[in-house]
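The structure that follows is given in the form of structure tokens.
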Amino acid sequence: MSKKESESGSAKSAGECTAGDTKDDKGLGLGVIFFIVAFVICFLSGTLLFPKLLYSKKEQPFNFDHRLHVEQTGDCESCHALREDGSFNGIPKLAKCQECHSETPLGETKDEAVFAEMYVAKEKEVPWYVYSKQPDCVFFSHAAHTKTKGMDCVTCHGPIGTSTTLKPYEENRITGYSRDIWGQNIWGIKKHSWDRMKMDDCAECHKKETGHQGYCFQCHK
Amino acid sequence: MDSALIPEGANRCSFPKFAIGIAIVGAVVLWGVYAMGLIWWKGLNQTNMNDYYGFALWIWADLAVIAVGGGAFFTGLLKYIFKVDGLKNIINFAVIIGFICYSSALLILAIDIGQPLRGWFIFWHANVHSMLTEVAFCLSCYFAVLTIEFIPNILENRQANKVSFFHHLAHNMHGVMPVFAATGAFLSFFHQGSLGGVAGVMYGRPFAVREGLLIWPWTFFLFTWSAAAFGPCFTLLVTKITETVTGKKLVKDNVVHLLAKISGWMIVTYIIAKIIDTLYWATVTAPSLGFNISHFYSNNGFYGYWLLVTEIIICGVVPGLILIMKSTRENPTLRLVAMILGVIGVCLNRWVMVLQIMAIPVLSFDTWALYFPSWQEIATTVLPIAYGIILIALAYRYLPVFPQEKELNAVKLATETE
Amino acid sequence: MNKENIKAHKFGMVIDLDKCTGCGSCMVSCMSENNVPFKEDESNKKDSITWMRVYKLTNGKSFPETEIVYLPRPCQHCGGKGDHGHSPCVSVCPATATDYGYDTGIVSQIYTRCFGCRYCMGACPYHARYFNWWDPKWPEGMEKYLSPDVSPRMRGVVEKCSFCYHRYQAAKDKAYYDGRDDIEENEYQTACTTACPAGAIVFGDLNNPAHRVHEIVKPDPHPAPNNHYVVGKSRNPNIFRLLERLGTNPKVYYLSEREWVRKAGDNYLDGEWDKIKNHHGPESHG
Amino acid sequence: MKVDRRSFLGLGLGAVAGFSVSPVLLKLTDDSSIWTQNWPWTPVPVDGEVSYQNSVCSLCPGSCGISIRKIDDRPVKIEGLDEYPINDGGACLHGISGLQYLYDPARIKTPLKKNGDKFEEISWDDAISMVAGKLMDIRATGSPEKLACIADKDRGSVSGLLKRLVTTFGSPNFYTMPSFESYLELTATPLHGRGTTIGFDLENSDFVLSFGAGVIEGWGSPVNCFKANASRKERGAKLYQIEPRLSNTAANADRWLPINPGTEADLALGLCAVILKNNLFAGTAKFKGGFNKFSATLQNDYPLSKTSEITGIKESDIEEMATLFAKAKMPVAVFGKGRGDGSQSLKELIAVHTLNCLVGSINRKGGAFIQPVKNYLEFPAESLDGIAREGIAKPRLGRYVHDLVEKVNASSQPVVEALFVYQSNPCYALHDTKTIKQALGKIPFIVSFSSFLDETAKEADIILPVHTFIERLEDIPSGSGLAKTVVGLSKPVIKPVFNTKHPGDIFILIAKALDNAVAQNFEWVSYDKCLEAVAGRIWKSLAKDGHVILAEDVPEGSPEIDVTYLSGNPASVQSNGDGDLILIPIDNMRLPSAAMTASPFAIKTVSDEVLKGRDTVVEINPKTAKGLKNFDYVTLTTPVGSAKVMIHLNEGMMPGVVGMVKGLGHTFDNKYVSNKGVNINDLIGPVIEPGSGLDAAFGIKAKISRA
């Protein structure tokens, strides 16, 4: 019993000395400093370091010069075309490349050499990473947008046609999404229509163009 | 050993004794947590639910705890808005019980959904037509309110209160409490109601569907009313249990009588409304959809008319009458009986409005679906009870929950110190 | 509003129960078309995902008067009370994971939006909605036959018949490519319809008088006089819908010359059926 | 200044605040939910270009045309082929499930050799030389007839090659499993002469009198029958169904007449008697073999009262049926209980078909077509050496597989040294499986040509795994009672998934590995070349159109009808045992019961009134149940065996009869389709019909007792 009392006594005194006099203003001040330091560190790491950790960088199998090919063919459609059933062929298969490259031989540049040896020779399709790859739950009709509504590729895909190199593919370690879906800006802020490719971006445009963001099944499967 | 934390002048059992008690209940909590882990890890196949029983034990538990937790908002409403001042001696406890009930409800919901990590979609992609959306919003808001209402009581802890900041905070919070009480009452009105709406709007389920007012089916109002009616019953019941366990009188009889009386009148008015609703549904609504009431209560192993009788007469009319009549109300035994019946009644009502709906075949060529929960479901449903006991124990031991405790037990204390 | 909304379709189905043999082709065609998974034990039918389920009905008479009929039940794609698009399930989904396509009349289900509260399953009187209690698993190598047109579902979400919406999408893509602004009747047919060896299922646009389904069903565009919730009742006395008087307004119609079968389609008070069976459709005080 | 509690408080709060205003929380919340939408263990189907390829399904004798949807090289869906002469776009659930067989990990992935009770993988070369070696030894002993072979059918080029192998090797012992096709020929032969078979023109008939034929339960060419049945409504045609149980066909029919099990023959003859008595028969028909005697015997043996007493059908109904049938414009009577591939009594088959003969429905639109068995293949003449000639001159062990089994079990020393089993599963599909397994156990060397490790393959010493129908080229002749004869071409739509071979190629390889006497008969480089050669006449159009129609019109002329077989009125088959109930098999469209086993999809569609958990559910009439309730466990005992099953009370079941579904109770290693329920063939034993020698068991006496 006496033990209890002494304990409670000590506790009481401790309590009293913390009952707001000069000494613990310092304590408080120190607390404030600690607060600010921690705040800044965490905020910065959350904004600058976090994206580095979140995304893994993957190099494409070899470089591809879009501008050169667009100059040669004149447009995107000659490689990224609609099939006769209205579906979109996405990234052309080896056969498509060889349509032209049967006569114009490969092997001048380092990348062409890789292409020729690793893939054409082995009749192996090139495992490209697709920057605009959407998840399995998404249905997207290129025909509806490009053919019927006459949209251009740039609106969603950006000026990739003028690029001469392929940037590394950044994959979100948690979701497996390409970084281009969320956008380069970690806050998800976009300047151009092609900076983000999330559902809200589709809905935004649909609302503007059709007056309605669309029904679930229009874009989901 | 923890006496520094115990409210001054209050007499509590020794710490080891307390610790052992907590440990025992804690074991139950661990069991529940284990089951919860299983469910989150392996998925809902750990339950005995199926495509006929999408809603089962958990949703019932949810509705039940929220119903009995209704004591908090209603007592708060009476105390702070209608200035029924006598209730200040029980309001703290009412709030704690409410806090326990609502935190439990949220926990259960988090287990019940198939994709917990997407749970926030209910807010982000909210569908305003869905009663469940209304539930989710009001539920979480009201839980916040309850937390705020609980905080001052926590800050009144002997040690916390020594910090001047906390001391003043607690004091000022008490001052603005009416605002929160009002908000709480408002929110509760809606989520208690929309929980009723959940069943009432299912127009594909003739047993559940009800006509109503604007977008709100009658069940909306019945649920709110019943929560307000039976909630206080539960508050009083738990108080009674706490008194029995601690062997102390904690709340003065006049307070108890007052709340019991109010509860009584609420129950009576509710049960009248409920009877009218049932009659109309049984004679007009259901038949218009091709169903005799007998269809809902026969040809199966469990759901019979006995449910109707038990819920409305035995656990509705009876407690109502006991509590409105002075003589019976002030008889402790009868009052206890009434409170127990009342709590059973409201829980039974929620059971019927969740599980019986699922059990009844609607297609003429379909069959009754009966269900018994898996141990994982039971464990996770017992979990909140255990957790509640612990929280009450802690609160009672370390917080000045019952303002009248000292006064009521003064003599006892005096004799002890001698 | 986009094109479809201007001239809205209303896709629906009529199933001839006198032709249905209960062979199960529709069920399997649906499973294989829509990547429906399977478990070791599927004999608990209350935990067995079959978007198209074939019920066995009997007239309850004893040997040898007893009769059997099979009733295939896809999602009924209810139009809801008054056919306003507030289907029993759609109106209750808290996260808008299912919606009513006013351009097609098809009730959607978005697996990646659904968080598995199962309220829609409770609200659906047809048990057309199924929950993924288990992780879908295919025996090693069998995932190779999965179709890319329908995304496999993950554990913990609800799924149901979509009237093979992806086939509608494909048909539209083809139309876009050909520069047509709409699709032909035969371009969009559900997997169960094309599979049915007895030709018992007819699928098409209930809004299009040229479509067979419309010719057979002859839907009445006006609300039923005795129950204003009910819209699109068939003018053919041998055609009924399941639980029509609830006002769910399904887009799946059933045809049978057998009276007891038509009676089994809905619930009636004692003697009620005999009063109404002659003139067409059930009375209701709704 | 000292760092106290509050400093740490500050630190903590700062950290929390810092992170919460940074994008971390926002992004992680979003990403965590997206993670649940793309769980790595949920497969993502690969997208690609859609294409369709036509082929023919050979899972059952139906021979339907199929269209296979592919994504790039990957088949993803099988559907019925529009405008195909047999199924015109329709498909049955088994055909649609075809891809589950193709990709099934339970397939035999490479040649196997039995070692003790285990199988070990071996190379194709070793496997072939092992088989060849063994065969050479047998041939060396000078008794090549000790090589026996069980195949599913004896039509088409693959069976042709196999038979050629066995013959040129020198053995007459080539057997086929009972099939509806075989019963059609067995029926036609005594009545219309050798080499004839029967086709039923259901889609034009206006009155179908079915003696238990499961017209919509897999009988004949299933999808074709579904269509014929579906069009009944429009055509105003009638279907009368005669069987003890309200099957789906009975339920769909215009009239169901429950009949005592096993008395169908008597009813048919009773009907004949009525038709003869009332002079309702067509004068045109050319009868021989003593028509008057036959007529007299019938009218004497089958007076209405007696027929009614035997069959349990009212006299008035019998008379009405006979009259309706005789007076209909295009009536046809069809036989073959259930799917028609189970055990049958020749007396019954002939009796039923005699009805067609009497009313002149032979070679008439909507009737029964008597046509020669079409042989569209031209194999070069076999050249046999001395050993072979001697061998094939020796008598066969019997006419049917069950004779072979009986001989093997009977004799002490091996009468069969080696057995080939191709695309058939006798250890599962024949009555009294115990004795079948026992017999195979006594055969020193068994080679199985199978895609799956089924009950029979498990008994084999060498398993040579064959392509599934989706991986192989093959001519698929229609049969099984179709009015028209179509040869379809099954094509490989995907490269072999496992290390399997085309059965035709395997036979050629084996032959080439044998001595020249045999090898010289197999000079093709591959099966594909062989088919092209032997299908010479029709190959071009077969390759071009994917099918060739050999006959579809009503055959010319009216063949003679020999009534000798029935004149003596052979005894009807009785069921064995002393139980108070009769157990009869039920054919269920969703459960295959022959060589093909059910796919996971098919099993999934099976009702819980048929299969519940791991238990077979048998059907009995509530009157028979004696207080038993639905899904009570009972022990079902027959003279052959007993099993624990559940019961389902079915008013559509004749009292005193127990119905058990066929196709359950497989015992091989595939958790989705095996070890579910009971194989009814473990409970029913063969009953040999005098005269025909067929196993004609229609059921067996049984008892049930609460388990």
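Quick notes
We call the chains A, B, C and D, going by the order they appear; numbering starts again at 1 in every chain.
Heads up, the rule we're going with is that a contact is a pair of C-beta atoms (placed from the backbone, for glycine too) under 8 Å apart; a residue touches a chain by one contact, two chains touch by 3 or more.
This one's a predicted model, so the numbers in the text were calculated from it and none came from an experiment.
Compared on C-beta pairs in contact, C-D and B-D come out with C-D as the pair having more. Among the chains, the centre nearest to the mean of all shown protein C-alpha atoms is found for C.
Separating the centre of chain C from that of chain D, both taken as means of CA atoms, is a distance of 33 Å. Taking the mean of the C-alpha atoms as each chain's centre, chain B and chain D sit 63 Å apart.
If you average the CA atoms of chain A and of chain C, the two centres end up 39 Å from each other. Chain A and chain B, compared by their mean Cα positions, are separated by 46 Å.
Each of residues 85, 87, 135-137 in chain A touches at least two other chains.
The set of chain B residues touching two or more other chains comprises 115, 118, 121. Shared contact sites, meaning residues of chain D that touch two or more other chains, fall at 32, 35-37, 44-45, 47.
Within the complex formed with chain D, the residues of chain C that make contact are 16, 18-19, 21-25, 27-29, 31-33, 35, 38, 40-45, 48, 50, 54, 56, 58, 60-64, 66-70, 111-112, 135-136, 138-148, 151-156, 191, 194-200.
Every residue of chain B that touches chain D in the complex is listed here, in rising order: 115, 117-118, 120-121. Residues 24, 26-28, 30-47, 50, 54, 83, 85, 87, 89-90, 135-137, 172, 174-177, 182, 186-188 of chain A touch chain D in their complex.
Residues 29, 32-33, 35-37 of chain D are the ones touching chain B in the complex.
By the touch rule above, chain B contacts chain C in their complex via residues 43-45, 49-55, 112-116, 118-119, 121-122, 124-127, 129-133, 136, 198, 201-206, 284, 287-292, 295, 357-358, 362-366, 369.
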